[in-house]
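In the two assemblies presented below, subunit A is common to both, partnered first by subunit B and then by subunit C.
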Partner chain A sequence: MNGDILSEVCGVAADVFAIDALSLTGASSPEQIEAWDSVQHLSLVLALEDKYGIQFAPEEMERMKDLGAIATLVRTKIT
Partner chain B sequence: MPIEIVPFSAELRSVVREFNGRLDAAGVEEGLRLPADPHAEMLPGSQSYLALEDGVVRGGYTLRPQKFSFRGEIRCVAHYRLPVSEGIIDKRFALVGALLLRDALQKEPLLYALGMGGYQQPLPRMLQAAGWSLSPIPFYFRVVHPARFLRQIRAARGSRWRLLLMDLAASTGAGWLGLHAIQRLRTHTAAAAFSEVAEFGLWADELWEVVHRAYGMIGMRNAEELRQLYPQSNPRFLRIQTAAGWAVLVDTAMRGDQYFGDLRVGTIVDCLARPEDAAAVIRAARVYLEQRGVDLILSNQSHPAWMEALRADGFFGGPSNFLLATSPALRKLGVVDWHINRGDGDGPVHL
Partner chain C sequence: MELSDLRHEIEELLAGGEWREASWRLQVLWDKHGSAPLAGFAVTAYSRLRDQLKLASHRCAILRSFTVEPIVPILKACAFRWGIDLDIHVGEFNAYAQELLDGSSRLYAFHPDSVILAVRTHDLAPELEQGASYAEVVDRVTGQYAGWIRAFRGNSTASLIVHTLERPAITTQGVYDSQLMDNQANAIEQINRNLRKLAAEHRGIYFLDYDALVARHGREHWGDERKWLSVRLPVAAANLIYMAQEWMKFLAPLAGRQAKCVAVDLDNTLWGGVIGEDGMAGIQLGPEYPGAAYQAMQRALLDLSRRGILLAVSSKNNPQDAWEVLRDHPGMLLEPEDFTAMRTNWNDKAQSLREIAAELNIGLDAMAFVDDNPLERQQVREQLPEVMVVELPSDPLQYARSVRDCPVFERLTLSDEDRQRGTYYAAERERQALEQSAPTREDFYRSLAQEAEIAPVNALTLARVAQLTQKTNQFNLTTRRYTEQQIAELARRPGWRLLSIQVRDRYADNGLVGVAITCDRGAVCEIDTFLLSCRVIGRTIETALIASLAEEARARGARRLDGWFLPTKKNAPAKDFFAQHRFQLISESAEGQHWGLDLTSAEPRVPQWVRVFVAAEKV
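Let's look at the complex of A and B:
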């Protein structure tokens, strides 16, 4: 289940950052992806909220250090 | 370590200074720093918040809740001021900017940001991405001493004015030195009597009560608020009163300024009257600044009546990078005729 969500999160991130989804993994983080700046991070959060019909609280957003952590967070919100 | 957002307190001053030091070392522009002494550096009522990771500051922002009148209904709206994140120098903290914004919206859904230096800056881009509405507060200018103005603008390093004037000269068919004549031709306002006043008194309260319902959105401008915004202790603020309203002005002698060289620049910072009386106040403000000897008069005004008053008094419009951003909740209120100027937000700190 988490793997499916991770691949969906990677797909959303790929759209937001305008890069190839195959280049993204759970370990992908802002330090590795040039396009992942503060503005794009917010765009990613909003895109995920829109896709899953969820809303992240500030205390949840602080855990979004990489795509794996984001996928885990999404999974806990939708199950 | 998790990041927590906490209110600023005095014992955090040293870690704020360390944060600012890291921005200094990375060569980040001077304006982007967290206040190490918010109570001394900001308008009354402001509250700063810090994003802390294991005791280390990773960012912060300030909220200044203000009372606004929405056609007579008084509501609290907060100014979202100077959010700064370590993400601008270290991508490990790219999440902090979004965290700060979400935290601020949770505290005060009706938020606005003002100024910000233009659409390409990081904050406006982030606010736009978050669904905020952005629009420039129109900019107007009137040249009082054309020869001196042109001499100084030529010497100034910034090219914005030169480009603007070339456009203007081309569009009006006049040379730069024809500006004065054009401005006089464009001036259609009647003379207005005014007096300089040292302080806002009961008369300012009475005016506020009469006029605030005429505006879709306007920051509280009763006497008490005006005394906080423009304290008598600050000699920079000049106040004039007319039969119909008031204006707050600043007269600044620039020295080697990037945009203004050594010009003496007058600014119509703030003003209030019924919308139909705006022209009388603008004319009085302009005449007062001319009498003081300024070379150039500037103003940013958002309300249609005040913009029209400036145009009718011979002011030209120019490109504005002074932006108003309104949060989704504030935008939903559907305001169109807001009265926002340099007196809002931080106040006239950069003039």
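Let's look at the complex of A and C:
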């Protein structure tokens, strides 16, 4: 289940950052991805909120250190 | 088709270079699923098609008091979908006042075509949320806006879209607020009213009713309080698309993406059921459900027609069956006369649309198409990519809303000509009948009894003149597009003359149908713009106008009248204009032809069958 969500999260992130989804993994983080700045981080969060019909708290947004952490958070909200 | 399949298909088509196929699927994808998570994909895909699609470019600056960055890609995707390549500049946080007031700001350096001023009540007038003395706040805020708008007009000819202020979800004084005459809601409404008054004093200032937008989607659900408090974003993720779509309703007309005609299907679009099978008594059309959905649709189309958008029928039907419903069904809100062109036959719809466009003398890129059948829509999207296809959802109750939400039907100003457009076309049909019965061409011209009134542009005609420069493609020698602000600015320049021409004949007052702009340079009078609406082409009005220009130029001391023909894909009807009026070709390049007329010898004469009135100087 987490694997599916992770690949979906990678897909959304790839669209937001305009990069190839295959280059993203759970370990992908703002340090590695040049396009992942604070503005794009917000866009990513909003894209996920809209896609899954969920909302993230400010504290949760700060815990999103990499795509794996984001996928885990998404999973807790939709199950 | 599932979203993921459609995406996959688009990616493959893009990789294979099949841009036309990819392009119409992208339209469907965005129409059906347009949203924040899909914006990145759509923008990337459209960017790859940029060179293949005929996109209008438009520069838009967003001045704001809140976070708009996540809306930018969504807005770009919406714009791409309607054929606009948007270049966006986002102003610094809460720097809108400085940017508007300072002529050397980054805003003006960007040379925007349009500017969105997105400021919230909370940021502009926090007192309104704290129960201050409202009258003072109203005066202060109105005064601020007045200063900004004045400065903006002094510094730029761009259009300005101003968000009105929104009411708070909960008033500071609770229900007691409603008991007061001088209350919070009232103060905000007063400011908005004042803003509208301000706009009327200037050209090209438009209001986006932000309060109505928020209310339409539910005040409680519009924003996500945590996002507001943490990242200054007042719009919840799911509503970002609605903000972008609302902006598009302004940007589409400003970028010139406007439908002049909408061709509609009949069965299951204007009524429920199939007339050929269900018969008059069997189709659904009336004030009760399910017929009410179709009446709502007809009402939406009637509203478009009142904006000057021509209605046409494109239906696969027996003409008699269709005609019977249009004429006799008690549930019909639209009447046969509301339709300017009709194609009820068994041809494919692309063919019908081509014929309708030709009959009305408009480009296919000014045609919109409404049909409940996805296959018909697909066929039109495939064969006629210029046509603006409205995506209808499967539920008929949502048809009317889909039509009303379509940005290419929006108008920011309405001229008398727009409101009368349907009757012009009816008169045209009578003229054509006369033309066929008249023994000679001259007899036809004489019997038309045409009168042309040529007058300098004034405050009343400015909007229509700008509109004509924006929309006229065929009989247009230079196709220079001007906004109202630019027209006003040209009119103030010394040596420039901006003339409008109004034409009446025995059948109708055609209204303001032509524009000529000239500039005197020494002994030469140069024609900057010369255009006529297709409505009057072929009736020697062009000769009357050029003759009048020549006569006036000579009276002002000019020895030559010069003009250019700059060819476009569409202005072939104007190609021979100069040669026909005895101009001599001076030079020719890839860009176009330069023609001149020696005013010291010959000059064209006003045809004897056109009575020309030249109005006095500027009002």
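One rule holds for everything that comes next: the second predicted complex is superposed on the first by the 79 of 79 C-alpha atoms of A that agree within 3 Å, B and C clash if a C-alpha of one lies under 4 Å from a C-alpha of the other, contacts with A are read in each partner's own complex, and residues count from 1 in each chain.
Here, contacts are C-beta pairs under 8 Å (C-beta built on N, C-alpha and C of every residue); 3 or more make two chains touch, one makes a residue touch a chain.
This structure is a prediction, so every number in the text was calculated from the model and none was measured.
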item: Room on subunit A for both subunit B and subunit C (clash or fit); value: clash
item: First (subunit B), second (subunit C), both or neither touched by A:A21; value: neither
item: Partner chain in contact with A:R63 - subunit B first, subunit C second, else both or neither; value: first
item: First (subunit B), second (subunit C), both or neither touched by A:L48; value: second
item: First, second, both or neither for A:E31, with subunit B first and subunit C second; value: first
item: First (subunit B), second (subunit C), both or neither touched by A:V39; value: both
item: Clashing subunit B stretch [against subunit C; choices 134-142, 188-196 or 242-250]; value: 134-142
item: Set intersection of subunit A contacts, subunit C complex versus subunit B complex; value: 39, 42-43, 45-46, 57-58, 61
item: Contact footprint of subunit B on subunit A as seen in their complex; value: 29-31, 36-43, 45-46, 56-59, 61-65
item: Interfacial residue positions of subunit B with respect to subunit A in the complex; value: 2-5, 85, 87-88, 91-92, 94-99, 101-103, 106, 122, 125-126, 129-131
item: Footprint of subunit A on subunit C - complex, ascending; value: 35-41, 43-44, 67, 69-70, 73, 224, 226, 229-231, 233, 236-238, 240
item: Residues of subunit A that touch subunit C when the two form their complex; value: 12, 14-18, 39, 42-43, 45-51, 53, 55, 57-58, 61
